[in-house]
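Scrolling down, you'll hit the structures one after another.
Here come two complexes built around subunit A, the first alongside subunit B, the second alongside subunit C.
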Partner chain A sequence: LKSKEYSSVSSVLTIMDRREDQTALHEDDMDYVDEEDDIDELKQHWVNEVCSPELFVYQKLLVERLREKLEKQEDLIEEERQGDATAVWRAGLYELETDRVNYLLRGYHRVRLAKIEKYVMYILKSPSIRARLSEEEFQYAQGYCDILEDLFQSALLRHLPEPYRSLDKQGNVNMIPEPDLEKYVFCRVLKDVGEYEVGPDKYMPLEKGHIYLLPYNPIRRLLSEYEAELC
Partner chain B sequence: PVSTFQRTKLLMAARGERVEFVAATLLQELERTSKSDGLPPFNEESFQQVIAEIDACYRCITKLLTERGHEAKTDGAVACGLTTHHEIAVRNKRVLLAYLRARAMRLQQVRWELGSVLPVDIRQNLAESELNYFVSYDKLLGRYMQQIGLDLTADLQQPPKDLFLEVRVLEDFGTIVTPTGEVHLEKDTIHFLRRADVEPLIRRGILEHITRS
Partner chain C sequence: KPQKKKKKKKRERKMWAAKHEKLPFTSAQIEFMSEDTSISVTPLFKESMLTFVGGNYGPFRPGLTTDVPLWLALALKKNQKCNILTPHWLSVDYLQTKLEMEREEDTYLCEMPYHYLEIATQLLHHASDDVRQPDRVQVLIDDLYRIRSAKIRKSIQTMENDDPVQLTNYCAMELNYQRMWLLKAFDQMHALSVAQPSLLPPPPRPTAP
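And then the complex of A and B:
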């Protein structure tokens, strides 16, 4: 993910007031509203989404905060461009950082959209998963499901005999693709968890700072409580 | 364990019936053409053939049910016949759906990489319903990106590393307007331009990014 490169560029810049040594994402008494870590936090959410088979909750507040800051930065860039050569050069750096944060935002939304497209019927059928979508994503999911159904209906299903016209069930068989929750993922443990159940009757000690390769399902709870993150 | 479908093929072969399942060839055709070749033409003929197979199965089933349905529980042959035909129909349906969906996904990829306008060579290979799908997908994606205020199709490959890129013009493209003024993109000229301005053109093959090794 070239995170080292990214942090070296942004550590030069002062506008976001970043600390130069990037410490762990979640410390014990971290205040998540802390300004310096918004970018890191979004990055971690992005990584989580890329690595996991299922959708997480949409980080609405985080996204909004970042976009506000980006807007302020755009104003600053305009200002600096009117200044002397050094100011113009600085504006270039700020602009690069803006571009990179925008890339992060786009990446985040893109990976979520891809998952929505992949499992659209499964997502729409489950109220708890639906709740993890933003309002716009929900509309997108509905629209996407509609156009997919239109395609299948017009190209195929309409022309089939009656009993074969359904899209989600064929007899007793469920035809909707579902994410594989037992898929193996790499996860970094953020807190000492002790003995943890990683499979039916299988326990493992999970220690802070270590990275494990485990099936996704057992560690879901850890992820949602920020005691682990994917990598 | 042998799948029901394989069993079906074996049974039919044993009875001397010619076993020809068109459905698989549709998927093979898709597999053979990689994404960079665009989409092969929609194989209307094979597609209809598979639908006809499903129809035939259905007719066999209804015939069997009306004539000998009451024997289904006692006579193994009747039960077998019913199941076999049903399984063939279901599998054909699945294959056709997979064919449609695979093509739809490639169309989506085209929208992400090349934008709202379909290149002619792809457009002529689409069925009517696929064309409608592309238009609807374009609208759906456009609406979403507008709602969230982000162009998601920018920066598809990597995080931006430079603000400016050196590019060579591969085809005459006319004049573009950049924040730093107008630029004339004549074939074989080299320019040093802002990445955001040139990235879509690089993707479309009009510009070439020159990297220093």
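And then the complex of A and C:
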């Protein structure tokens, strides 16, 4: 099974924020958003990004919600600092937590930027993958790509004969590095899936709560439906 | 004399590895992830609800057990503001039983809390007065980790081709330690099987249901 067959399933590519999916389906539940799990969700998104070869959709709503909460918390910390000794001690504890959340946010953005830099030309060329970037990431990717192309052109390609000057093709051969979707990953299954196709003619029962070592491609669909997570 | 040289190399290698830990997740990051685990504490202070980004904890009354995340429990402990109630699995009896169970099995790992190593290390380091028989517990945890790692190494030898594997009861640190090279090894085997299927032993035939 080649990766191209999987990439044609467009629904897999839009790995949306869980809440966005829910609010779209159940209009009545629009007000119910379990915001207490935001940090755990961000942690899982961070882990998923680090472990997977491809870039997921940017969790815009989640990040914005957390940033808002952090701002409010930082105001609270400032306020407490003006108070008595207990208030200052409380502020210290609050700050411990904001440090943790900031670390998660930074880690999440850093791993995404690293992936963007690694596959910048591939990402910018494909509109569906481009859609997974945030506004800022998209601007960053464009700027980075321009600089990279300038570097290659001025340092090397300019000095090569005409047929060899292209960055993206060498004759008919594609020269843009693509993420390898067949890379093996550790995956924890969150729901009993039963017999699942994990390769050409390979089936394996996937049980809830267990960790499996398998190629990334087959479990892409499970990831997008939150029936599995990487670890 | 040759034996002395060997020892020095091993220690140096370990120190070098710890310094240049380039795993996708460092041990410190795994520890960070474990610090969200909920743990029970008995506060030694009085305080109303503490409002955090991740939720509200409290109110705190001396003697009244409350559940807080591990990072908060450790912070309170460091300021001597609470006593930590060690989880039931961090006890001599439980660990002893698990160790015996591990010894009985050849390659199958017994069920342990996913973050057992990180949580145990942190509690024994910062709250050893809250753990019953901390020295004994430390020894048991070390033995468990060693036995499990040996079993993992042994079970890896049975992985002959690129077939997906179920990793039952692997814990965070053990998984992370195997991460870099095990995944790369499987990538290589997969590349080999795609290029020349005859190079790898055939997958076992599925048994009839």
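Going forward, the second predicted complex is superposed on the first by the 199 of 231 C-alpha atoms of A that agree within 3 Å, B and C clash if a C-alpha of one lies under 4 Å from a C-alpha of the other, contacts with A are read in each partner's own complex, and residues count from 1 in each chain.
Simple rule for what comes next: a contact is a pair of C-beta atoms (placed from the backbone, for glycine too) under 8 Å apart; a residue touches a chain by one contact, two chains touch by 3 or more.
Owing to the predicted nature of the structure, the values given are computational and were not obtained by experimental measurement.
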item: Partner chain in contact with A:95 - subunit B first, subunit C second, else both or neither; value: first
item: Contacts of A:184 with subunit B and subunit C, given as first, second, both or neither; value: second
item: Which superposed partner A:226 touches (first subunit B, second subunit C, both, neither); value: neither
item: Which superposed partner A:56 touches (first subunit B, second subunit C, both, neither); value: neither
item: Touching partner for A:161 - first (subunit B), second (subunit C), both, neither; value: first
item: Contacts of A:139 with subunit B and subunit C, given as first, second, both or neither; value: first
item: Subunit B versus subunit C as contact partner of A:103, first or second or both or neither; value: both
item: Subunit B versus subunit C as contact partner of A:210, first or second or both or neither; value: second
item: Partner chain(s) touched by A:69 [first = subunit B, second = subunit C, both, neither]; value: second
item: Overlapping contact positions on subunit A, where the subunit C interface meets the subunit B interface; value: 96, 100, 103
item: Subunit A-touching residues of subunit C, taken from the complex the two chains share; value: 24-25, 32-33, 35-36, 47, 50-55, 71-72, 75, 79, 162-168, 170, 172, 175, 179, 182-183, 186-187, 190, 203, 206
item: Complex contact set, residues of subunit A against subunit C; value: 36, 38-40, 43, 47, 50-51, 66, 69-70, 73, 76, 86, 89-90, 93-94, 96-98, 100-101, 103, 180, 182-186, 198-199, 202-204, 210-215, 231
item: Interface residues, subunit B side, partner subunit A - complex; value: 47, 51, 54-55, 58, 86, 89-90, 93-94, 96-97, 100-101, 104, 108, 127, 129-130, 132-133, 136-137, 140, 143-144, 147-152, 154-155, 158-163, 195-196
item: Subunit B contact footprint on subunit A (complex, rising order); value: 2, 5-6, 67, 92, 95-96, 99-100, 102-106, 109-110, 113, 117, 136-137, 139-140, 143-144, 147-148, 150-152, 154-156, 159-161, 163-164, 170-171, 173, 175
